[in-house]
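Two complexes are shown next, each including chain A; its partner changes from chain B in the first to chain C in the second.
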Partner chain A sequence: MIRPALYLGALALLILAPFVLYPVFLMKVLCFALFACAFNLILGYGGLLSFGHAAFFGGAAYVCGHALEVWGLPTPVGILLATLAAGVLGVLVGALAIRRQGIYFAMITLALAQMCYFFFITAPFTGGENGLQGVPRGSLFGLVNLQNDLNMYYFVLAIFLIGYFIVARTVHSPFGQVLRAIRDNEPRAVSLGYDVDRYKLLAFVLSAALAGLAGATKTVVFQLASLTDAHWHMSGEVVLMTLLGGLGTIPGPAIGAALIVTLQNKLATGPLSAWVPVVLGVIFVACVIAFRRGVVGEIQAFLRRSF
Partner chain B sequence: MFADIFGFPPQVLFGQLLLGLINGAFYAVLSLGLAVIFGLLNIVNFAHGALYMLGAFVAYFLLTYGGIGYWGALILAPIIVGAFGALIERFLLRRLSGVDHLYGLLLTFGLALILEGTFVKFFGASGKPYPTPAGLQGGVNLGFMFLPWYRGWVVVASLVVCLATWLLFERTKIGAYLRAGTENPKLLQAFGVNVPFLTTLAYGFGVGLAAFAGVLAAPITQVGPLMGSNLIIIVFAVVVIGGMGSIVGAVVTGLAMGVIEGLTKVFWPEASATVIFFVMAIVLVLRPAGLFGKTA
Partner chain C sequence: MAGKGDYILKTEGLTKEFKGFTAVDSVDLTVRRHTIHALIGPNGAGKTTVFNLLTKFLTPTRGTIAFNGRDITRAKPAEIARLGVIRSFQISAVFPHMTALENVRVALQPRLGTTFHFWRPDSCLRVLDARAEELLDMVGLSSFAHDEVADLPYGRKRALEIATTLACEPELMLLDEPTQGMGREDVDRITRLIRQVAEGRTVLMVEHNLGVVSALCDRITVLQRGAVLTEGDYETVAADPRVKEAYMGKAA
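The block that comes next holds the complex of A and B.
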């Protein structure tokens, strides 16, 4: 009973939120929340630390920006195309990376993402250091004008909910069960007859595509795709969001993303603006040393102890 | 006087080859440090690039505020940074024994953010010049190319340090302990060897190697807060290619990758930034365990 009530309450808050808070800020939170949920699928449930998810987020941001600005495609088509592109990139990166495990997996994804980053710097369609600016938001099939922040907010909210639902469904499906079995004991999963590599690759591609969906949506919101989206700092940030919110919990990464984005916004305008990377680093160290379960993980553990 | 080689004047070719060899020397020393740390701690030290940068900055501070020149810094900076690393291991990394090794990577990533962010705050993103030591200015004309003394020295010094590390590991008592600790730390502890101390020592030593490379790099690349941040990713790729199993493997792979990168700069400049990642991808397809790796 409690769980549906919590979800309905959260949904009501999300629907009412733009009347209280600045919609663009909320959209930023939702985009990063989706990014972190997508990332959690591969780290939290697959046990694979990808340090290259910025390539999917940033790559999709460029594809979406190019599709809307140069090709003039309708906004939803551009976003779908970018999601697809991130999925294809996910197949390429994933197929290479799953050949090694553990820390090697992290190093390989990081290196391949850096390769993508260099490609984005030199490729003609990315606008180099300037990025793609003034990407048109367009409209929803000519019916809903997305220039309006409120309309745009509900569009982004719908995308986030779809992505969140996909992640939750995946985790609770038989596929998700096998994925967790692989995470907890890979040799045993192999001996039970599961084709471990196929499960890992599918999870990786799904995660990459959803990260791309988040990146593409972010481009439409801010009308901007830039190198920042594809830099390895972005890969680190999404790890931090997931870790802070709670690794391997479904709502955790979204909460972690909300906390980090809020913190960045608060710091950016204050006297500590130059210290943002240092603050993130300190949170990183603190989480790893003393807070490995994250916010949601700690709450769950507390509830389990108390009731 | 000399005929062009593949349509390129030999000065260009050998010049890039030398630059590649220098980069390769840095890759070798850095991946060697990573391998030493990985051996005993089983973690990948993401802060390695930041500590390489710290080594260069310590040299800069020693010169600016202590009047200690290059040769003093070459000895002192690795010791100072190594001691700093030992503290990190003792008070932070040791708390992670028994949890997934991925957390070690995340912790050191956080440390890298802290170190680089702090230095960017105080020194800006641009670099500080560091003078080439007096004895190594100028160079010699070899006929087919001009060899600056300092650049030759960097390659020689790196190779000497790699050789010394190899000797330390393969020919001394403490090296035998370190190798035993890599193989089976519990059994080694049972024989009465202080394994936690050995682990701290290994981390300090690996970090000291990074700082040594940082001091070597200071006169070439300038001293900047971000000098290690892109380098470390290339070194990770080198480590994936060579595997972290052996000292010789780390050194050979590091040098080879530097040379390949240098040659790519001559023949296909656009690809030089990504060629090492390409090699990594090919090695992963053909030999997933890495060139010198034993098992996957």
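The block that comes next holds the complex of A and C.
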């Protein structure tokens, strides 16, 4: 009863938002929200802390930038191709990492993502320190001009909603049930006959592909793919967004991303701009120590206690 | 049983060494089909380790394991489960953040062949609810079907574990101390339950409660310091002075 009303309200706000707020800012929020939701699939529902998701976000950003700028592919095709590429990279990284547990999984994903980062620095098609600039936004099949920020916003909103729906559906699917069981008690899932590594790998690949979708979309919005997208800071930020919003809740990471991006924007222009990393660090510590469920998780727990 | 021989499980020279310490020492174990077989012995005798070897949660240092005449020494744990050997754990093995119904349903899911389908709504799992409820009913958990399992009392969790194990239609059930830490009433209920579910199956169980063993088990293997001390029916084993000594030795 309450849930559909909340979702409809949120959708109405998202549709009306660009008339009140700066559309490019909103698009940035949506891209990172999708990134965080994708990340949550593997951390919140797979129970695996990946510290290398920037490789998928940044890798897809480059593939999309290259596809649009050099190959001149239509925008939706470029985004799709980049998403696919991130999924393939996810298979490779996942195949090497998925057998590790806990901190070893985090370490190996970080190491592999750093390898990707150094590859992006030296590879000829990434533009090195400059990145790929002036990526054309193009149009939707020649019908809708994406150069227009408002058109672009609704395109990004549609991509976000599709990605969000895929995450929500995956969580509430037969596969999602198995994934929950594995996270809850892995040895028991094995003893019931589940090849747990395969399920974790599928979750990882889905998460990587959707992170790629977010990165590719970001490239189209800002017409730029750069090393920042693939830097380990990015992997850390998405952990923070997810924790702040609420690990293992479906809307939580999107809200966490909105909060962090807003904060970064507010601080970046003020006198505190040099202090952004410190502020983020304080939020991180607060989340871990006092506020484990995150914004959405705390609200849910409060509602459960009160009713 | 016709065609498959008398023995469902047979180990030869099964051995597990941990850094020079031999936890399981050349165990030859044969479990006859359609019996309830007990594995007993003092704490640290290696009973749980034997279970871990049989289900390949640990890799044997030496020896072979055959299930239905087929060598499974090199199979993976999940494969062994799919062959029909389902184990429980000494500490209760449930999915605590799922409901009792969902717990059982997870074990039923593979038969739908949709366990990798991430694009379908989980409402398609409702076709399994009738069977899951039947299994819950069998272990007396009908009224808890929609409760989160973390909140259930300990005895109920163990009962749920049996329902989940049964959902896999196991040929051979391995139960590790199913009545451990239970009050009298729960012990009686679980004992009745095991007798009921053993119908048409084979059960290998670790059990400390000798009352339960004498009530249920057709055959008993006694383990001491990793090796088989003796084997036989309850009367034979209970009369064996070495068995008394093994247990008394522990007490003293």
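Rule of thumb we're sticking to: the second predicted complex is superposed on the first by the 307 of 307 C-alpha atoms of A that agree within 3 Å, B and C clash if a C-alpha of one lies under 4 Å from a C-alpha of the other, contacts with A are read in each partner's own complex, and residues count from 1 in each chain.
Quick note on the criterion: contacts are C-beta pairs under 8 Å (C-beta built on N, C-alpha and C of every residue); 3 or more make two chains touch, one makes a residue touch a chain.
None of the values given here were measured: they were computed from a predicted structure.
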{"item": "Chain C versus chain B on the shared chain A, clash or fit after superposition", "value": "fit"}
{"item": "Touched partner set for A:V288, first chain B, second chain C, both or neither", "value": "first"}
{"item": "Which of chain B and chain C A:D184 touches, first, second, both or neither", "value": "second"}
{"item": "A:L280 touches, of chain B and chain C: first, second, both or neither?", "value": "first"}
{"item": "First (chain B), second (chain C), both or neither touched by A:V239", "value": "first"}
{"item": "Smallest distance from any CA atom of chain C to any CA atom of chain B, in Å, after fitting", "value": "10"}
{"item": "Residue numbers on chain A that touch chain B, as the complex places them", "value": "49, 96, 99-104, 106-108, 110-112, 114-115, 118-119, 122, 232, 236, 239, 243, 274-278, 280-285, 287-289, 292"}
{"item": "Residues of chain B defined as touching chain A within the complex", "value": "43-44, 92, 95-96, 99, 101-103, 105-107, 109-118, 120-121, 230, 233-234, 236-237, 239-240, 270, 273-274, 277-278, 280-281, 284-285, 288, 296"}
{"item": "Chain A to chain C touching residues, read off their complex", "value": "169-170, 172-178, 180-181, 184-185, 187-196, 198-199, 202, 206"}
{"item": "Touching residues on chain C, where the partner in the complex is chain A", "value": "55, 57, 76-78, 81-82, 86-89, 93-98, 102, 105-107, 109-110, 112, 114-122, 124-125, 164, 168"}
